[in-house]
Amino acid sequence: MISQLSINATRQGLHEITAEVAAVVNESGLREGLCTLFIKHTSASLLVQENADPSAARDLELWLNRLVSENDQIYTHTNEGPDDMPSHIKSTLTASSVAVPFVDGRLTLGTWQGIFLWEHRRTDMQRNIIVHIGA
Amino acid sequence: MISQLSINATRQGLHEITAEVAAVVNESGLREGLCTLFIKHTSASLLVQENADPSAARDLELWLNRLVSENDQIYTHTNEGPDDMPSHIKSTLTASSVAVPFVDGRLTLGTWQGIFLWEHRRTDMQRNIIVHIGA
Amino acid sequence: MISQLSINATRQGLHEITAEVAAVVNESGLREGLCTLFIKHTSASLLVQENADPSAARDLELWLNRLVSENDQIYTHTNEGPDDMPSHIKSTLTASSVAVPFVDGRLTLGTWQGIFLWEHRRTDMQRNIIVHIGA
């Protein structure tokens, strides 16, 4: 069973999509199995991370922005803007696919875990994530 | 088929769990399929890496500890201790889920590959990993 | 359904394997499902990334080579050559498994997405990737 989530990523940073993914699992009718997400983009990525304290997400974004800076002398791939090549690197360091098992129709996330789309561009983007539900 | 592994991570660093995962595959009775692991935590992660020479694991830990240092001025999420925010970053740079196919009831790991829980906190933690076995 | 791809990685860097993976999906006869790749090595890794502009791949390689340098004073695992320990670190920061759903017998990759083997060693290597096709 395969479906698609379309997420409007209105700003650079983490966008929680746990509720949207949980809804897909619920609609599948399957009680137990594996939910695999795949993002169809190379300048945004997927992450399972803490969703309780917003300061954790903010620090994470700041840290990665410092590690992968814009306007690095090393870049030659610059025709799509100064935030494009850093976005490819950031998506490389995180994940294009993540898998979360579910039991009793519910994702087996830990208490403070959420699933996030990480938008690496600084512009408003529409992002598509494919969701596969398997037994 | 879904089960849970509980691992006592007694120190910061890599803890090999290959034998525990292989046992779950064996107990499933399935001969061929996909074994997917998901860790229910955001300050520990999963890794497939060399298990032959302990110096590789040690260098890897030292390198990541240097890249993601404690007491970085950038952190505001500090109320859970100086090793907490670095742990979230380290888990972000590694993986919360990994998938390993199995054939003839055995994981298709390479000769020197092992599956590891990477504990990023410096305290003794109990960690839970969900194991999904699919056809 | 499990098969193996053998890729001759003739140089350090990204080697696109999208066509090889698509062929495995096609040969499976399944119209819809999940294709999961697992690499049996710890000094090469898997990546889904832009395949349109070669400058993106080149910048990515240069950036990671700078972050994970050879001849770092921290390394003690040096008996397999100066490019070995950096290769383990690079594979740790990228992925050993990736999953891509397929629909109508075709991978659901975005327009400019390709699947790559990332060879981290500087020598000519034969690399094996296990492909699992599930419903």
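Which chain is which? They are A, B and C, in the order written, and residues in each are numbered from 1.
Everything below uses one rule, namely that a contact is a pair of C-beta atoms (placed from the backbone, for glycine too) under 8 Å apart; a residue touches a chain by one contact, two chains touch by 3 or more.
All of these numbers come straight from a predicted model, not from anything done at the bench.
> Please state the rotation angle, between 0 and 180 degrees and to the nearest 5, that superposes the Cα atoms of chain B on chain C.
Nearest-5 rotation angle for the superposition: 120 degrees.
> What's the call on chain A versus chain B, same or different interface residues, using the half cut on shared numbers?
Counting shared over all numbers used gives less than one half: different.
> In whole angstrom, how far does the Cα centroid of chain A sit from the Cα centroid of chain B?
About 20 Å separates the centre of chain A from that of chain B.
> I need the residues of chain B touching at least two other chains; which ones are they?
Within chain B, residues 67, 93, 95, 99, 134-135 contact more than one other chain.
> For chain A, which residues count as touching chain B in their complex?
Interface residues on chain A, with respect to chain B: 32-34, 47-50, 53, 55-56, 58-60, 62-64, 66-67, 93-95, 98-101, 103, 108-110, 112-113, 134-135.
> Across the complex, what residues on chain A touch chain C?
Checking each residue of chain A against chain C gives 2, 36, 38, 40-42, 67-68, 72, 74-77, 85, 88-89, 91-93, 95-97, 99, 128, 130, 132, 134-135.
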